[in-house]
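By letter and in written order, the chains are A, B, C and D; residue numbering begins at 1 in each of them.
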Amino acid sequence: MAPSSAFASDNAAPAHPRALEAIASANDGYAPSYGNDPITERAADVLRGVFAAPDADVLFAFTGTAANVIALAAAVRPWHEILCSDVAHSLLDEAGGPVRLSGAQLTRLPSDDGIISPAELDARVVRRGEVHHSQPRIVTVTQSTENGRVWPAAELSEFIDHAHSLDLLVHVDGSRIANAIAALGVSPAEAIGDADIVTVGGTKNGMLFGDALLVRRPDQFEGIQFVQKQIGHLASKHRYVSAQFSAMLSDGVWLQSAAHANAMAARLSTGLTELGFSLATATEANEVFVKLDAEALTAVRSQFAIHQPDALAPVYRFVCSWATSEQDVDAVLDLLRGR
Amino acid sequence: MAPSSAFASDNAAPAHPRALEAIASANDGYAPSYGNDPITERAADVLRGVFAAPDADVLFAFTGTAANVIALAAAVRPWHEILCSDVAHSLLDEAGGPVRLSGAQLTRLPSDDGIISPAELDARVVRRGEVHHSQPRIVTVTQSTENGRVWPAAELSEFIDHAHSLDLLVHVDGSRIANAIAALGVSPAEAIGDADIVTVGGTKNGMLFGDALLVRRPDQFEGIQFVQKQIGHLASKHRYVSAQFSAMLSDGVWLQSAAHANAMAARLSTGLTELGFSLATATEANEVFVKLDAEALTAVRSQFAIHQPDALAPVYRFVCSWATSEQDVDAVLDLLRGR
Amino acid sequence: MAPSSAFASDNAAPAHPRALEAIASANDGYAPSYGNDPITERAADVLRGVFAAPDADVLFAFTGTAANVIALAAAVRPWHEILCSDVAHSLLDEAGGPVRLSGAQLTRLPSDDGIISPAELDARVVRRGEVHHSQPRIVTVTQSTENGRVWPAAELSEFIDHAHSLDLLVHVDGSRIANAIAALGVSPAEAIGDADIVTVGGTKNGMLFGDALLVRRPDQFEGIQFVQKQIGHLASKHRYVSAQFSAMLSDGVWLQSAAHANAMAARLSTGLTELGFSLATATEANEVFVKLDAEALTAVRSQFAIHQPDALAPVYRFVCSWATSEQDVDAVLDLLRGR
Amino acid sequence: MAPSSAFASDNAAPAHPRALEAIASANDGYAPSYGNDPITERAADVLRGVFAAPDADVLFAFTGTAANVIALAAAVRPWHEILCSDVAHSLLDEAGGPVRLSGAQLTRLPSDDGIISPAELDARVVRRGEVHHSQPRIVTVTQSTENGRVWPAAELSEFIDHAHSLDLLVHVDGSRIANAIAALGVSPAEAIGDADIVTVGGTKNGMLFGDALLVRRPDQFEGIQFVQKQIGHLASKHRYVSAQFSAMLSDGVWLQSAAHANAMAARLSTGLTELGFSLATATEANEVFVKLDAEALTAVRSQFAIHQPDALAPVYRFVCSWATSEQDVDAVLDLLRGR
């Protein structure tokens, strides 16, 4: 039997019943296409309400990679520079999409598991106005980070303010923003500071598909709707993506799901530590990065597919989702206990 | 009350129940992401079987625009030229996506409502090897065409063979390929000739979303999977797109749906003609293009949103889908009869 | 012996002595690089003066293709559309450079040998604001045209004003602007109307290399100096390109050279007509397009390399330059007379 | 009086008399354009001969940035990754041109003043075949480096062989290759190892303009001549760039010039050290990087413009050229001695 994908990623989970119901409900009669339907209008309002951003534009895309690519490509011209952390999804896991679409250099900054210090910005925002050098224009940060860390709300807010003081725009890749919000116990608006544009993740939160873009400074992302169209994310039957957002975000289901995923990660993390394993990064959201020896790895992989982010380091990743059960977690721990 | 979108486009229709059921069925337990799941594997096999293309690669994308852009961008390098008809969706309705992604010139050829004569290829495939001129590399044709016409199978096959003799690749934009197959009464393989790559439309056929790419000469589209990833169409939860293809294509539902849509268009077309209106193009698939005077237009638009493709010409488009009912058609005719 | 290139193109001519002297004079001691030298500063002033454009920015590039590509790429974002004539150099003879660099669709308009009627703009500037369609942003016209025609000053001025009224920018590809100015007998400013940006040709006028860009509305071409740098046209030893412009333009040598080239073309054109040959286009500047039968072609090509623009039509091009002599012209006529 | 540019860069020097004479000699009569002339043919042969590369293709460009951009853009498709050192000109001083043209990620590797260890390649050439990650395709190294260092011939050769073993192509940015050859005292072929493509610098060696590309594995750079054309470096009057290469390279003038520049740098470096200043990098070619305190800086800048590469570090660069005299060098030392 193939090993379970339960911990391979949060996108290995099935869709949350609420998301599927929303799609079924939306499947009723004719509707204007390309987002000009009432379901999409309402979903945009829900997003604006949740993030306390009444003047924001809202766009929907099918995937988080797409949302990131659209945001970054709309922000820059090809002589600009995009800054990101050294573990950014946009740098390492989007096959170069942001660079291809934007034509702009993507520069990695040193980080603490994805959390970048303002001083790193100072060190890189140089040679402004010099025609020989790409001009820094936007920095993208991830909340929660690719290494399972959560930016404290105040720290992210200060970072963003500092970026603004350097005349940089800020994109927050929130493919797991719900996990960050749930972990921080703050409002959605507080979890993203004064970011100019935010990828609001739906897929990893439990939707079948769909990540939204909250464009808080639309004048800085002129033409963004054309980018969305050009790369095939202006869904003709838009209601099936937008309906899920209304359903999951309007009464807190998305945060409950995220909190559950976080709790399962905490349970796993604690269990692993008790068994003597060392964490590679602190478990702050729904991901656990742990060092496993060969024997432990063999034991886990006998039943679970897990990801090794860096082929040169014996660190393995477990991702929990809305669907992860205590039994799933305990099954991993039992395998390790039983070695 | 807002006018009905019943005839605005086939993508204004709700999803076919079969597609929705397929998604619900697929929503069962964990599954490997990014297309490495058994549901996707099976769907690819179904597509290969339906098109009698055992050696083809199969990719899924969320939209037809995406499938077209991926196919064309993978086919060319930026000094190549892409040829298309003067009514091509890729030219007029993808916001320049194929050009942006490929960096290649897109050249329109005169056509008969989207049907291009081989002589037009001869006239444009010139200056081969000349460093001053973009080099023709691929021609894209649409089956059925944007103007509701269907390439006779033999004519398309000859066109493709002629293109091959000129050392051109051929892409078939089959966002409405099911309507063409149903109209022609031939096998799917016959309806696409010896095309090198085909967009197999799902969305307009009744899926919630999803168009596939059938890559029959994979060596000519090296790296195509990277393009799919870069623009956000390598769905993490791939099963929800692929499951629909299996459900709709495996037992002929897609062709029944298409045949129904074609029949409704024929009913409408006949009715309009009987009422004295002139068709702008022959009704050969599921679209009707008819000339309406101001009074007729006002009558129709009192209840139905319809599209005017060219602001300078009084021609209006009605699109039928799997969901169009005889009542819908007759309601239009009644409005016109009752003027 | 290889046939003479005397009529193959105006870029087959050697450089004008004045241009060579300017380079030799500039080769004196150290100078700041990348255009920050006094020779370049002066050349920019000369250009501003000649074109009565005191507020224009001036950039230099090594070639006309580069100047065109830089102008067009700076004008647009990748969802814009560039309009040009059906014989435009940017469309047919720059290997797709403008499209590659801009990512924007390049749409050809019907023309009378490169002269476009305002009505053609009206017909193409459609679907403004529609997210599905590339947005027209700039039209490029050529003065004198690729087919040897000259826009009458009033006609070009009206065309440009009409384009502006449609919210389009206008680029004038003036790789042979001197020939147009000389032919029209107007001031340089009159020959370019209210164009927003102009390629001022040096190479074909007699320089060793070098075309300038006169940017009359710099705010519409933000970042243009970065494009110049990115594609390698911010010469480090800038003085060698700019010195030529000062030398040729400051006291009218460029227009005398162009007038001479025009006169030689007129002499050839008249001679050919008298010999019974038909012109394919009117000879209005320094190029002659004439129909030659096989026998005549063989006679000419026994001594002169000449260009056939379209492999399917028996029309041949003779281009005259500052260096063309009456003897050169008469040698062609003698060959034809002696058949 | 403005400060002298004598040490600002080697491109602040005037052109070598031999280069200017070559241009004047080439200015004789008509010649086929776009490189199809005998002068260009001969220059290509000279380059092939000098580098013992009889099967190489040779292209000419106006600038080093252009040559680099053309080489890199032709080598990759937009899902590839380009590797370079952390001080690479292509990374820091080409305004993002290589990324814009290629659409590929450009990844910086740690280096010792531009000299990269093979182990750094091992650490970065990962995730081969993974669709989520850009695929490493080519590494570019600079000989001599941007920080004035010279790769020992054996070390460069081993690095290139190692890159090849990792299935990477190798580009050598040789904008100062003559300085490296002269410093190493090896043959040109030995100085570039088994590199696949080499930028052979002319401008900094003393030409008015012009860098060549030696394409030793043409099958890996398909279409490179189109890139050259697209960005405006297929000079119409090609002879003026190619003639300089013949003149400078055919009898060793280029290496004598480079050796002189190196000697002047050594003289300056020794003098600075004797005066108690610390070098920031070893002086191995024609560039000196030295730490200057505020007082020393003021003294130098009273008469000489010098470049500070990094605004955050008190290190200043002096570049010597074919034109640098002992008097120039001693004038700097006198200024510092006289503080």
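Assume contacts are C-beta pairs under 8 Å (C-beta built on N, C-alpha and C of every residue); 3 or more make two chains touch, one makes a residue touch a chain.
Quick caveat: nothing in here was measured; it's all calculated off a predicted structure.
Visitor: Identify the chains in contact with chain B as well as chain D, in label order.
Guide: A chain counts here if it touches both chain B and chain D, which gives A, C.
Visitor: When chain C meets its copy chain D, do both sides use mostly the same residue numbers (more than half shared) or mostly different ones?
Guide: At the contact between chain C and chain D, which are copies of one sequence, the residues are largely the same (over half shared).
Visitor: Would you kindly tell me how far, in whole Å, the mean C-alpha position of chain C lies from that of chain A?
Guide: 50
Visitor: From the mean C-alpha coordinate of chain A to that of chain B, what's the distance rounded to whole Å?
Guide: That gives a centre separation of 33 Å.
Visitor: Calculate how many whole Å lie between the centre of chain B and the centre of chain C, each centre taken as the average of the chain's C-alpha atoms.
Guide: Between these chains, centre-to-centre, one finds 42 Å.
Visitor: Touching at least two other chains at once: which residues of chain A meet that condition?
Guide: 78-79, 94-96, 100, 103, 131-132, 226, 229-230, 234
Visitor: Which residues of chain B touch chain A once you look at their complex with the stated criterion?
Guide: 4-6, 8-9, 11-15, 20, 23-24, 27-33, 61-67, 69, 94-97, 100-101, 203-204, 208-209, 226, 229-237, 240-241, 305, 323
Visitor: Once bound in the complex, which stretches of chain C touch chain B?
Guide: It is residues 78-81, 91-96, 99-100, 103-106, 123, 126-127, 131-134, 310-312 of chain C that touch chain B.
Visitor: Sort out for me which residues of chain D touch chain B in the complex.
Guide: For chain D paired with chain B, touching residues are 34, 77-79, 103, 131-132, 135, 222-223, 225-230, 234.
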